[in-house]
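So that we are looking at the same thing, I have put the structure below in C-alpha cells.
Each chain gets a letter, A, B, C, D and E, in the order it is written, and its residues are counted from 1.
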C-alpha cells in the first residue's frame, strides 16, 4: 500500500518519514549521497569525465577546435559549455529544444566558470589575432535524480582538468596549421568551484535532495564555494530562508567542498600517472 | 484512409490467387506516363504518373565548396515535399516523416560512386564544385511512392544540363570561373547507372511489386531495393513489419529482376526523341 | 516473366474526344451569362448580377420549368434525403458514428438509426453503447440511406432496412458523384455474377453476389473465411477497371452502361484495361452502344 | 541553419584540429588493400565480433534502460511509459514507438551538433521500424512508448548496438514483446566481409575501389545492418548501403544471421540476471 | 522458496492445448504459448485448465483497458463531468498518469437524472472507478455507477480527512462538518483488487 499512498499523497508520505528523522532512501536529513568520479572514459573527446551523485549521472566531453579569435578580444580563446538534459535522463523532459531547466543550468554553469576565474581564456590563445583554441564542453545528463547543478559543475571541472591539447604550429603567411599530436599539454585550472544543493521542506532543510524531494520541496538553494570562500548563491524563488539557516548551509558546503576537491584531485592524479608526458 | 478487414481479406485472397484487385499478376507493374522538361526554370525536370501517384521532380544547380572530407567531389541533395494536396494526411507536418524517409533512401541509393559519380561535379579540387538540388514534389499519392520517385528522379537527372566550364582561374583564395555563354553548350551527366527503386510488399505469404495504396495497407512488410546495373545500392524496409530470411532472399531476387527491367524500360523511353510539344500536367 | 513494363511519354498520349457525333452539353464557366431574360428563377450554382443570370460554378445547365441551376462537373457530394450512399466509418463517438461519404462534412450515423442484431424492435441499452465498436469500427464500409440533411449540409444516415448495413468482401471505387445516374435502384445484381452498389455520393461498391441475403439480418457480419472464386474475382476486377474507364471519360454510370462496358471490354484481359488506350477504347465503344440504344 | 538561442553557440568558423594532423604514412588505399587481404587493424578475424558488455537498469528515472559497450562504442538507451501521441486525435488500435537516436557532440572524431542531423534521423527511423515488429503494440493502443538512444562514443556498429540495447531496455520496462531482438553490422570491401566493423572500417567500406590496378570496374563495397527476432526467425530490419550483387547479399544474410544468434545468449543472460535480482529484492521486501 | 522459473520475451513456454491456456504476459502463436515479458512463470489452475502466466518482477507497464478498476484523483469539476487523473490500475501504481473523465450520467447507478457533480465529488478526492469502453483516443471514460465505486479518500473544506457516514455523506474528523459525496462501499480486505 505504501506505493499507492506515495503516489496519491506524496507530501504527506514524505512528512511522515521526516517526522521520524529519516528520508525514504534511508539517509539522515543532512546526509550527502556518495559521489563517484570517473575520468577519461571517452576516447573521441579531448577531455572527459563522468560523475555520479547517488543516482544522478552526468557525463562531460570536451572537444577542442581551432578558430580565429573575436576581433575585440584578440588574445582570448573560447570555452563554450552547454548542459543537455535530454529526454533520456528523465520523463520530465520532452524531445525538442532544451527545456527551461536546461537553459537555466547552462547559463548558471557557464557564468560561474567565467566569473570564478578557474580558467584563463588567454591560455587558449595560440597566435594572437589569428588562431585560438575553442573548447566545446558538452555536459549531458544521463540520469536525473536531483542536484543537477552540483553534478554539472563537478563533472565540468574534472573534465577540464583532463583536457590535453596538442601543440600547434601556425604559419600566418600561408595560413598553414601543423599539429604535433605526440606532445600534449594540460590546461591550467586556477581554482575549483564546487557546489551543493539544499531543498526546503516545511521547516526543514534537506541536504543533497533527490528529484522526488526537489519536486515536493518549497524551494531550492545552491551554494557554490571555492577555496573556502563563497562564490555564488543560487536561490530561484521558493519559500524564504532565514539568515541563520543560510549560514548553516554555507558552512556545510565549505566542509563538503574539501571532500569533493580531494575526490577530483585523486581521480585526476590517477590519470596523470598514466600520462607522464603531461 | 483505413480499409476494413473484409476489404483486406479480398485483396489478400486475390494476391494468393495471383489475380490482384485490378487484374494484375503479382509481379506486374501498372502503366506509367512520363514527361520531361516540364519546369522551364529548372536545369532538368520530369513528371511521372503511375496510376494515381503523381510526382514532379526538378533539378537546380548551384556552385558550392566541396566538403573537407571529399575535396574532389561535388554534391547532390534530395528534398522531398509531401504537399497536403497529395493526401489530407500530409496536412501540417504530417508528411514530414515520409518525406525525410524518401529523401534519405535516395541519398543512400545515390551514395555509391558506382551508381552516381560525384567526382564529375567537381570543378576545382577543394575549392569549387557543382551542387545538384533535386526537389521532389508529391502531387498525389496512390501507392508505391519510392518507385515512382526514383524513376522520376532518374528521368530528371537524365535531362539535366550542366553548364560547360570553359576556364577556372585561381586568384589568391578566390576561384574565378568562366562558363560558356552558349545555352546549348552543356554537359550531360552519365545517368545510365543511376539507381531505380523497387518496392516489394509481402501480402499474406506472397511478394508483390508495385502495390497500390490499398495493397500497401495489407502488407505485413515492405522492402525497398535500389538497383543499379544488376547490383544493389540500397536495401531498406519501409514501414514496420518483419520477414523470414527466405522471404527476404526471395524479395531481393524479385526486386533485382524487376528493377533491371524497369531501368531498361525507362532508359528506352528516355532515349526516344525529346519532347517537343508541351502537355500541361493538369491534363 | 511475360509482363512488359509500360512507360510512355506524355506527348504520345492522344486525347481522343469521346464520340464525335455525340451531343456534347454546353459547359458553363463561373461568371458566364446563362440567360438574359429575367423570368427564370435562380437555382444552385448561379447568381444574379445586373440583369443577367450567371453561373457560379463550372458545370452543366439543368432546367426544371423556370428554375435554372448549374450542376458542377466536379464537386463534393451534396446529399439529398433518400439517396443511397456508400460510406466509411471514420470515428466511433458517443451513441453515433462519423461516416466519410465524400461530402464536405462527415456524415452521422446514430446508434438509434441502425438495426442492431436481434430484431428491429429491440430496446437499445447502455450495453449497446459500449458495444458500438464491435458493430462498426473505424475503417468499416457501410451502405446507407440519407435520412436527413442538417442546415450545415451534413447528413444523417440510417441503415434501417435489410439491404443496408455493413459491407463484406469486395472493392470500393471513388468516382465523381455527378457521374452516378439517379435511378430507381442503386443496388444491382448484375447477371454476370457480381453486385454493384452505385452510391449517389460517388462511392461504388463491387462485390460477389450474395446467395442468401436473408441471413444478412442487421448487417453486422462479415464473412472473412470465404474465398471468392477466381471467376467471380475476374468479373469484379473487370467491372472495376471498366467503371474506372467510363469514369475517366466522363460516361454516366448506371447498370446498362456498366454492362455494355463489360461486354465491350471482353476483348482485353483484365490487366490490359489499365492501359490508357484500352480504357478510352472501352469508353468510346460503350458510349456508342448507349447512343444506339437510345435512338432505337 | 536557424540560430539556436536556447544554447550557447560557439564561433561559427571553428574546425577540428584533427584535419590538420600530418596524415599517417599508411594511405587510405593501402588500408583498403589490407582489408581486402582480410587483415584488420585490431587483429580480429573477419567474422569475429568484439566482446559485448551489456547492462540493464542503468537509468534510475527510466522505466527500462540498457548500456551497451563494444570496445570503444558506448551507448545508453532508456525507455519510458506509454504516453499520449502528441497531435494525434483519431483512434488507433496499435500503439507506436517513438525513437530518438542521437550521437553525443563529443562521441565522434568530428564534433556533432546538438540537433538531430539527417543521419541521426534516419537511424531513428530504422530503429523504430526494427523495434516495432518486436513489440506487442496492440497492448497500448493510442499511446507511444519513447525509446531514447544516446551514443556516448562511436567506434562503429553503433546502430546495431542501439537496436540490441533498446530491445533489452524495452523488455526491462515490462513492455510486452513478441521476442528478443538482436542486431549486427557487416561491412564489405571487395570479397572481404567484416563483421562488427569499427568506425574506420565502416568508412573504408563506403569507398568504391577498382578491382585491381589494371581493371576499371568497381569492386563490391557496402554496409549492412540486420536485426532479427531470434525465436521466430523474423528479420525485422534490413538496411544496406553501397554497391553489392545478389550473391554477396545472400552470403551476408547468412553471416549476419549467425552473428545475431551469437548475441542472443548475452541478451538473455542480461535479462535473466535482472529478473533474478528483482525477484530476490521483491522476496525480501 | 522454490527456484523461480525465469523467462524472457519470445521464449516458448509450452504447447497450447485443452489443458493449457495463455494468460497474462504471454501470447499464442502456431500452437504454442510464448512469453511476452521478462519475468517469472506462474501457472494458475482455473477449473482444471492450467493458465500460464508470466509475472514481471519490476513495475508492470500497463495502460487502462475497458473494465479495469482504477484509482483516480479528481482535478476539475464542471456541470456535466469531472476530470481526473488515473494513478493506479488495480494494485499497480502507474509511473505515468492518464487522463480520465467521469460524466454526470455515470456517477450513480440510480437516479441518474438528479445527480449533481458537485454533490458527489470535489477536487482532490481519491476515487475508485471502472474504465468504460474507449471512444476518444486520449481520455478514458470512467464510471462509478456501482456500490463499491466512488470516493475513498477525501478531505473536508478545512483540510482534514473525512470518514464516510452514509452512502452520500462524509464527516470531517476534526470539525465534524458533513459534506456530500458519492461514497464507495469499502470492501474490507484489499479494496483495490480487480473484480
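One rule holds for everything that comes next: a contact is a pair of C-beta atoms (placed from the backbone, for glycine too) under 8 Å apart; a residue touches a chain by one contact, two chains touch by 3 or more.
Bear in mind the structure is a predicted one, so any value in this text is a computation, not a measurement.
S.K.: List every chain that touches both chain A and chain E.
M.R.: D
S.K.: With chain B set aside and the rest fixed in place, how do the remaining chains group by touching?
M.R.: Result with chain B masked: one piece.
S.K.: So which chains are sitting against chain B and chain C at once?
M.R.: Correct list: D.
S.K.: Just by CA atoms, which chain is the most central one?
M.R.: D
S.K.: Taking CA centroids for every chain, report which one is farthest away from chain C.
M.R.: A
S.K.: Name whichever of A-D and C-E has more C-beta pairs touching across its two chains.
M.R.: Answer by contact count: A-D.
S.K.: What whole-Å value do you get for the distance between chain B and chain E if each is reduced to the mean of its CA atoms?
M.R.: One centre to the other, that is 52 Å.
S.K.: Round to the nearest whole Å and give the separation of the Cα centres of chain A and chain C.
M.R.: Using C-alpha averages as centres, the distance is 68 Å.
S.K.: Rounded to the nearest whole Å, what is the centre-to-centre distance of chain A and chain B, using the mean of the C-alpha atoms as each centre?
M.R.: Roughly 49 Å, centre to centre.
S.K.: Measuring from the mean C-alpha position of chain B to the mean C-alpha position of chain D, what distance in angstrom results?
M.R.: Using C-alpha averages as centres, the distance is 27 Å.
S.K.: Spell out, as numbers or ranges, the residues of chain D touching 2 or more other chains.
M.R.: In chain D, 15, 80-81, 90-91, 134, 229, 232 touch at least two other chains.
S.K.: By the touch rule stated above, which residues of chain C touch at least two different other chains?
M.R.: As it turns out, chain C has residues touching two or more other chains at 92, 138.
S.K.: Of all residues in chain B, which are in touch with two or more distinct other chains?
M.R.: Within chain B, no residue touches at least two other chains.
S.K.: What's the complete list of touching chain pairs for this entry?
M.R.: Listed by label, chains in contact pair as A-D, A-E, B-C, B-D, C-D, C-E, D-E.
S.K.: If we count contacts the way the header does, which residues on chain A are in touch with chain D in the complex?
M.R.: Counting only chain A, the residues touching chain D are 41-45, 48, 55, 57, 59, 61-68, 70, 78, 80-82, 84, 86-91, 95, 97-98, 102-103, 106-107, 110, 134, 136, 138, 140, 142-145, 166, 168, 177-179, 181, 211.
S.K.: Give every residue of chain D touching chain B within the complex, in rising order.
M.R.: Residues 15, 19, 87, 118, 121-122, 125-126, 128-129, 132-134, 206-208, 218, 220-222, 224, 229, 232-246, 249-250, 253, 257 of chain D touch chain B in their complex.
S.K.: Sort out for me which residues of chain C touch chain B in the complex.
M.R.: 1, 3-11, 13, 15, 88, 138-141, 167-172, 222-224, 227-228, 230, 233-234, 236-238, 240-241, 269-271, 273-276
S.K.: Can you list the chain A residues touching chain E in their complex?
M.R.: Of all residues in chain A, those touching chain E are 3-4, 6-8, 91.
S.K.: Touching chain A in the complex: which residues of chain E?
M.R.: 71, 73, 87-88, 91, 93-96, 126, 153, 192
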